[in-house]
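In the two complexes below, chain A is the common chain; its partner is chain B in one and chain C in the other.
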Partner chain A sequence: MNGQYASLLIALPLISAFFVPLIKGAGKNAIKSYLVLITALQTGVAAWVFQEVYSTGKPMIVMAGGWKPPVGINLYIGHFAALFVLIVAAVSFLMAIFSFKAVNVEPIDKYAMLFLLLMLGATGMIATGDIFNLFVFMEITSISAYALTAYNKTGEAAEASMKYIVLGGIGSSFFLVGVALIYGALGTLNMAQIAQLASTLNPTVAQVGLALVVFGLAVEAEIFPLNAWAPDAYQAAPHPITVMFSAFVVKAGLYAMARIVYLMKDVGSWSSILKLLVILATLTVIVAELAALRQRNVKRMIAYSSISQIGLIALAFALGTQSGVDAGVFHMINHAIVKALLFLAVGYVAVALGGAEMENFRGLGKRMPVTAFTISVGAIATVGVPLFNIFWSKIRIILATLSVGYTWAAALVLAASVVEAVYYFRLLHVIWFEGTGERMHENMAMGIMLLFLAALVIVIGVYPSYAWNLAQKAGNDIFNVAQYVKNVPLMGVGA
Partner chain B sequence: MISVYYFGAISLILIGLYAVLVKKNLLKILIGLSIMETGVNLLLISIGYVSGRSAPILSEGIGPNQAVDPIPQALVLTAIVIGVATTAMALSVAMLIYEKYGTLNIEEIRRLRG
Partner chain C sequence: MLKRSLAILTLLIIGYWLAQGLAGVPFGQDRMLVGHYYLEHVKEQTGAVNAVTAIVVNYRGFDTLGEVTVLFIASTGVAALLWRKKKKRSAKTEGSVVLTTGTRLLVPFVILFGSYIFIHGHLTPGGGFPGGATIATGFLLLYMAFTTYEIPHRGFEKTEGIAGMSYVLVGLIGLGIGGYFLFDWIWQTWQLGTDNIGRLFSGGFIPIIYILIGIKVGTELSGIIDNMVKEEVSE
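And then the complex of A and B:
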């Protein structure tokens, strides 16, 4: 089949978002079923793209309007993008099902539209090959994220959303200044051509431009000084949206950051940017873990834990070596699965028992055994116990860190893991050994989704080689810039 | 000598940033954000300026060689729309905050903590 059909990944959610108002009259459940249908279709398209890219080993290049890059905008769906587009679509599909139970606040039609736009934005950020187009998709993602954070219309939700808007607004302004500097110096916005011309760039301009771009993306990617919005937004947003934030919105930001940083590999001042990123990433891990330790709200606690895992991924990307990038991508896959599982289960408990306070988790093992079991699987996996998937990616990140010589960073990250173990095992203790209660009825669909994700965690944990293989190919897509440039059919225009 | 356009645009960005960091009133912070966005747009436009040339519209007497760079203008057109959307979103959230908290002072809007 023609590779241009991959543009359906963007077109399908966009068109279906426009059709939501038309079926609004058919009632609440019609809209929710429509959401399930569209995300299932999107998962199908993504699975086809994934299959195509991994079986041929060649990336799919979509050229908008038939204009060759760098004149037209191109989508570059390489190994990384194919994998993550599939993860985005699959997580959205699960969340569309979860929305039946978790979202009861009106207006549901606006929720469905924003949901689809959030999925569209993240897909676009991962697939695009143009730096300004990246900005546009980032804004689509973040504006729908602002609106979805405030969706519950409580005071807390409005407050969280406002923090996110102000930080996100500053971040996107800085990103745009960075894009302006890079464009002013090179005269191109296409990523492949930027990589080609990077060595001719004035080191000072490159350093300032790159720093501004990284700063702008760090808001979306939740790197340390700019992540204050994240725990609030995670706590106040509707439960399915929290899962989407943690499973792929952040990942899209991180990937964009890694992509742009590695495009500029030939620039003279590159290593100083990397050093800065290593320091910020290590701080992200430590600060978030210490903050998680004293939380009473379980959803907020897991939000902090999610931020610290993101710091770990950022650390792996900032090492500047092949093994580091591979390990980072592997951790991204694992973390998307585990955090989807944890937020889904905690969200379900909050829906069923009214709130995610620690009190509600007392005796959960007796009241909701399936949910409690899957929370336990997620918690143990996050800490990094062998035979669960995160163990393999965490150990690879630490080995990669040691091989570059950042012993202090590896030691601090490991120390943070101990803190992580403390609060997760405290949660497990509350669930299994405290309180009592009657057994409650658990929803079938929820049980199946939770058990599926838990099974995925354990299967990857026991047989990591298939997922590790995928991660290596995807990591090569980010790290090997020469190959990336060669894959994009650049017209000989301009410089 | 730095061009007055660059100087003006970067000053606007810094004034906006100052307002966001220092002001206590939520609406003043949002005004600061808007000023920042304006500064960024001006910076983008002035990067595409070529001294002595005219608007990039193909018409009589003006060929491709007499026009300024058209790409930043497309970028700014997009960025302006995005800026307006963000501002509208922020203002509606500000209304919601005023409804729920009865104040716009950011030091009193702190229910989420820990």
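And then the complex of A and C:
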């Protein structure tokens, strides 16, 4: 089949979101089923793209409008994009099913549209090969995220969304100024051409432009000084949306950051940007872990834990070596699975028992054994116990950090892991050894989804080589810029 | 005081830093790496006389599709957050006779002019977004002058959805005919209006897309206005 059909990844969610107003009258369950159907279709397309890219080993270049880059905009679906587009679609599919139980606030038709567009935005951010188009997709992602954060219409949700919208607005305007500066200096917006011309860039311009772009993306990517919105937003958003935030929205921001930083590899002031990123990433890990320690709300606690894991990924990307990037991508995959599992389970408990406070988790092991079991798997995996998937990626990140010589960063991150273990084991203690209760009915569909994710965690933990292979290929896609430039069929404009 | 002076100091430092960066991009130098290509080929490749709309809709049409989506999200988000079971206009005073009569006379002209802007996007400055905003201004006028005026919601919402779908559909037809998403099949495959450059029936699919965008933007902004001026009624 023609590679251009990969553009369906963008076209399908878009046309389906525009279609929702027409079936608005069909009732709540019809709209929710429609959401499941569309996300299932999207997963199918993504699986086809994944299969195609990994079997041929060549990226798919979608040229919108038939114009060759840099005149037109191209999508670059290489190993990384193919893998994460599949993760985005699959997680969205699971969350569409979860929405049946978790979302009962009106208006459901608007929820369905925003849900689809959030998925679209993340897909576009990961797939695009043009820096201004990246901005457009980032806006799609973040504006639908603002609206979805406030969707529950409580005071808390409105406040969280307000924080997010102000920080996000400042971040994206900085990003835009950065893009303008880079365009002003180079005269092109195409990522491949930017990478080609990066060495000719004036070092001051490059430093300012790159810093602005990184600063703008850091809001989406939840890097330390700019992530204050995240725990509030995670806590206040509808449960399926929290899963999507943690499983792929933040990953899209992180990936975009890594991609742009590595495009500018030839710039003179590159290493100073990396050093700054290492410091910020380490701070992200430590601050988030310490904040998680004293949370009484389990959803908020896991939100902080998610931020600290993101810091770990950012650290891996900021090392500037092949092994670091590979480890970062591997951690991205593992974190997407584990955090989807944890937020899904906690969200389910909150729906069933009315709130995610620590008290509700007392005796959960006796009341909802399947959910409690999967929470335990997720918690143990996050801490990084061997035979669970995160162990492998964490150890690779730490080894990569040590090999570059950042011993202090590795030590601090490891110390933060101890803190993580403390609060996760406290949660496990509350679940299994405190309180009593009658056994409750657990929903079948939920149980299957939870067990499926838990099984993934353990399978990757026991046989990490397949996932590690995927991660290496995807990491190479980010790190090996020369190959990236070679893959994009640039026409000889101005060069 | 201390807070304010610290803020001013920080801003000055950031400003200086930005100015340093800007100084590396001298004003007035020719930096049109891709720009020249657009200027030289815009007429024969897209059939549009207005280079800006040709770039925005045709060469970089993907961005415009995204921007249309952003606006759609904004209107959907406002509608979702201000959603109440029953809502009503809460305006108290009717406009004066001069205002209402003036509005009555003016609105058709505003809407006519808005349509003119988006239909002639490939020939004159403007296009779908300004045209749509002009049309929404017409509806804003109606809201301001009459206390009971309401847009026909159902029709508006459906029109908005259909216009957006048609945009994606035009792109998908391009995928079917030309092999690329958002491919300009009217100009490049059918070559309709090739001897007509500079007149209304030219410009490939640009006028069609701009009409769709104009309708979509007009209905969307009117919907945002409608959501914002209404208040909840307690039962």
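As a convention for this text, the second predicted complex is superposed on the first by the 494 of 495 C-alpha atoms of A that agree within 3 Å, B and C clash if a C-alpha of one lies under 4 Å from a C-alpha of the other, contacts with A are read in each partner's own complex, and residues count from 1 in each chain.
Operating definition for what follows: a residue touches a chain if its C-beta (ideal position, glycine included) is under 8 Å from a C-beta of that chain, and two chains touch if they have at least 3 such contacts.
Here the structure is a predicted model, which means the values were calculated and not measured.
In the superposition on chain A, contact is made by A:232 with chain B only, not with chain C. In the superposed pair of complexes, A:111 makes contact with chain C only, with no contact to chain B.
Within the superposed three-chain model, A:279 lies out of touch with both chain B and chain C [touch as defined at top].
After overlaying the two complexes on the shared chain, residue contacts for A:73 are found with chain C alone; chain B is out of touch. In the superposition on chain A, contact of A:155 is made with chain B only, not with chain C. In the overlay built on the shared chain, the residue A:404 is in contact with neither chain B nor chain C.
Between chain B and chain C, the partner in contact with more residues of chain A is C. Of the two partner chains placed around the shared chain by superposition, chain B is the only one that A:165 touches, whereas chain C remains out of contact. By the touch criterion defined above, A:293 reaches neither chain B nor chain C. In the superposition on chain A, contact of A:147 is made with both chain B and chain C. Comparing which residues of chain A touch chain B with which touch chain C, the overlap comprises 132, 136, 139, 143, 146-147, 150, 153, 177, 184, 189.
By the touch criterion given at the top, residues 17-18, 20-25, 31-38, 58-63, 65-67, 69-70, 72-74, 76-77, 79-81, 83, 85, 157-158, 160-162, 164-165, 168-169, 171-172, 174-175, 178-184, 188 of chain C touch chain A in their complex.
The residues of chain A lying in touch with chain C in their complex are 2, 4-5, 7, 10-11, 14-15, 17-22, 24, 62-67, 70-73, 106-107, 110-111, 113-114, 117, 120, 124, 130, 132-133, 136-137, 139-140, 143-144, 146-147, 150-151, 153, 177, 181, 184-190, 193, 202, 204-205, 207-209, 493-495. The residues of chain B lying in touch with chain A in their complex are 13, 16-17, 20, 26, 29-30, 33, 36-37, 39-40, 43-44, 47, 71-72, 75, 78-79, 82, 85-86, 89-90, 93-94, 96-97, 100-101, 109-112, 114. Taken in their complex, chain A has these residues touching chain B: 132, 135-136, 139, 143, 146-147, 150, 153-156, 158-162, 165-166, 168-170, 172-173, 176-177, 179-180, 183-184, 189, 232, 235-236, 294-297, 300.
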